[in-house]
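Notes to accompany the following structure.
Labels for the chains are A, B and C, by order of writing; each one numbers its residues from 1.
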Amino acid sequence: MFVKNAWYCAGWDKDLSLGRDGLLARRIAGESLVLYRRPDAAVVAMEDRCCHRHAPLSLGRKEGDSIRCMYHGMKFGPDGRCTEIPGMSRIPEKACVRTYPVVERDNWIWVWMGEPAKADPALICEAIGPGDPAWNLRLGYVRVDTNYRQEIANLADLSHVAWVHSQTLGGSDAWSNIKPRHELTERGIDTRYCVRRTPPPSFARHLFPEGALFDIQVHVRMSVPCNFILHFSVHEVGSATEGPTNGRLVLDTFSSQAVTPRDAHSCDYYYSWGCSRATDMPGLTDLMHEANNDAFLEDKAMLEGQYQRMRERPDAPSVDIVHDAGPGKLLWVLDRLLKAEARAIEIVPA
Amino acid sequence: MFVKNAWYCAGWDKDLSLGRDGLLARRIAGESLVLYRRPDAAVVAMEDRCCHRHAPLSLGRKEGDSIRCMYHGMKFGPDGRCTEIPGMSRIPEKACVRTYPVVERDNWIWVWMGEPAKADPALICEAIGPGDPAWNLRLGYVRVDTNYRQEIANLADLSHVAWVHSQTLGGSDAWSNIKPRHELTERGIDTRYCVRRTPPPSFARHLFPEGALFDIQVHVRMSVPCNFILHFSVHEVGSATEGPTNGRLVLDTFSSQAVTPRDAHSCDYYYSWGCSRATDMPGLTDLMHEANNDAFLEDKAMLEGQYQRMRERPDAPSVDIVHDAGPGKLLWVLDRLLKAEARAIEIVPA
Amino acid sequence: MFVKNAWYCAGWDKDLSLGRDGLLARRIAGESLVLYRRPDAAVVAMEDRCCHRHAPLSLGRKEGDSIRCMYHGMKFGPDGRCTEIPGMSRIPEKACVRTYPVVERDNWIWVWMGEPAKADPALICEAIGPGDPAWNLRLGYVRVDTNYRQEIANLADLSHVAWVHSQTLGGSDAWSNIKPRHELTERGIDTRYCVRRTPPPSFARHLFPEGALFDIQVHVRMSVPCNFILHFSVHEVGSATEGPTNGRLVLDTFSSQAVTPRDAHSCDYYYSWGCSRATDMPGLTDLMHEANNDAFLEDKAMLEGQYQRMRERPDAPSVDIVHDAGPGKLLWVLDRLLKAEARAIEIVPA
């Protein structure tokens, strides 16, 4: 169901304050976690379950670099070992809580849900964070009640922009006719294409004269499950009809996004979007942010409707179309990882 | 569970406008449908599921006599065949969506959920629609969260009027002592009786002098699943003690009703009720409509409470009483149809 | 799952008026009941299910000492026998509804869910009711969505007061270091201990000078499932370091509590709390009542969080600590009763 040896986004760095009650409860890939920041700012991720009687540690209290369960007062260090049981002098060997490797990068918090020894930060998708001085980024979040396979399939095929987002990010059928080139990477796909001679998106059409056209150069890197970056740069219409546009750059935009499955039926979707400071103008990033918030609610409505239909009749047949190439490749990578993990567990049973 | 070779009510004609977004999502007998009106006013009913990736077509858009899925833009004609896949020139053979036979009659929309070849409009229960100039009818709707067998059992035994509706449609124990004559028909029952010497119903008692009494002649035709008409005519008290009343007609009322199971646990209940224009007076049909709306919420509360108890203890025994004859006959007809369909599927496997 | 041969609390006497609509629907140990008061004030408890078609009798109407189902008008005497079926002259033998033994004591209504012949009122936990002139008691109620085993484990170990209730009933770690003496009784445990040299609880700290200390003498009697009384008496600090305090009595408080499982996932929790009139002062019992209401919501939050974690991963291991002795003994008594009932059913199959 879930790839465990993978980094999952648990939110933005701003979600974890140093405050005494700065405890963040998250559900990731079917497990309940609590995250908190130590006095030295390092982030701890633990199973959100006291080893005594399973009370949520997220209802607890931070004490120095430790967390105290507020049911019976058991205290756990940042390595998950119990260091105090009020009323007892001896701490049982087994009194500890599972911890998870954590990396903070690009203002994101990443948690490794599998074997700690395999937690290689090189597997985290490169991104641009809101702290990057070259970009003016806004942050957003939406919960989507679907299986994450549908969510990442949605994101791996932007031809849906023409339809789902016709009133926001879309506004022409140019998106229907894109010819993406998807290259397989170690854990995902790398996709490039140019949307040529397209009018401005619906949300920005009023800013331009009737008939204005642009080339949009797109570069998407996705790695399962499921972090990805979108680099959209808007150009004047160029003369090239194949390969990248050769029109002059007008606006450079960048989005970093992460889909974290909560469980089989629900995802957390984190996203940033904005313009390079070199090409931004006052109000533009905010306009784009409003449009994105609207658009991701359009996705949510479509994806939740789709998932309802899928659950009503799980064995209904489906017809493939040309735009399925991206989702197909990405889910193929995901399935390959899932199978490799299942095999590894078979060989070395837990 | 559900008879498939049957007409199910999908609502009133007024529920389907010619507007661009006039898409009606309905759940009928365990299937999800979308209905829309073509420019020539004909109604199309389709499975509410794009054949590509199962997105709901009810989140789509009408284009001429077609419907376009707004996930990836696939367009389907009124026969369910895909006629356009944006970005592709060839349409795969299998790209089509199931459609359902539809008949509009008596201002009602009827959908056939089984084999199209067997869709015989003669099987639709005769009714009087709100468009009939001889009657002054009002329309109502209530969703009831129960299995439809309980809903139709409720409707097939009007002795409950004395109790469930004591504050509205009832008001005397005359309804407890009715002796209905139920005749089996091809797909239901035909029931006649006279409620003799009964005071006016609670909702209308203030209109009459103390002690006023009437005969109410009742004729109910029910056909599974589950359309029915009720003809109540109010007469001055007559001298007959058996058979129809021979009192003078005072008020002629008519109700057409339909129960459409959504799934095993929920029904849509559509109803009209009103007076003949020959016997109506200003305000009377509205008074009756208010009382019916109240009464059907009384039914809803009772039926939902009953269903909760049934689910809590499905094997609890039950005692039969004299008033179960009508429900028993109707459910017998239903079970006969269900068994016949099950046998047919066994012989010719799908 | 549930001990059936046991008294369960169905609420306070004040919950059952003599009013015509004074029908109380309760769910107890997985069964649905209706309770009502006869004209002579005696309480009747019946299965909340008409024997005809399972309609809830709690939607019915009181008539003298009987209850009438308002679906088809069947009337049942206080012994559950049907005495009237409108429209029928003969009442079928089997037309009756199960009744349950009821005892009213200490302003509480107790219902026996098992074999009536075994309903021994001596098994009801002794309590002090709000009607007792020697005590000034307040009543409260909270629904907790957890399995009742977790609820009674919570109540059998008051070391949690130090943590869960640190802002209300707790306020010192004295509660973490209690050394309760649990004595097994026929159907529960009897627990005594002294909390020595403890500051006033958080909710009352402002009433005393800095550094004020007290001895709290605790006596708890619990019987499964699950009624219990807590007798807390507050004393000046005494010189005894073992056994009961020998300090002068300052305040005598008493709480009677009952946990009634609704089903596997939910409990009703009824409680009273207050001071002896001999030691009370104006406003004190109200202050304590407010603190208790707050505290029991703190328990609710912790218990519901714990139960969510337990359902997410039912096989997660757990580590025992010294404070588990009370809950362990109480659950041992419960399991012994559950096993005895299971054996009895095996020998004499129903």
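A few comments on the model shown:
The definition used in the following text is that a residue touches a chain if its C-beta (ideal position, glycine included) is under 8 Å from a C-beta of that chain, and two chains touch if they have at least 3 such contacts.
Only a predicted model underlies this, so the values are computations on that prediction, with no experimental measurement involved.
Of all residue numbers that take part in the contact between chain A and chain B, under half occur on both sides, making this a different-residue interface. Overlaying chain A on chain C by C-alpha atoms takes a rotation of 120 degrees, rounded in steps of 5. The distance from the centre of chain A to the centre of chain B, each centre being the mean of the chain's C-alpha atoms, comes to 47 Å.
Looking at chain A, no residue sits in touch with two or more other chains.
The residues of chain C lying in touch with chain A in their complex are 150, 153, 157, 159-160, 162-164, 166, 173, 176-178, 301-302, 305-306, 308-310, 312-313, 316-323. Remark: chain C residues 32, 48-49, 51-56, 58-59, 68-74, 82, 85-88, 92, 94-95 touch chain B in the complex.
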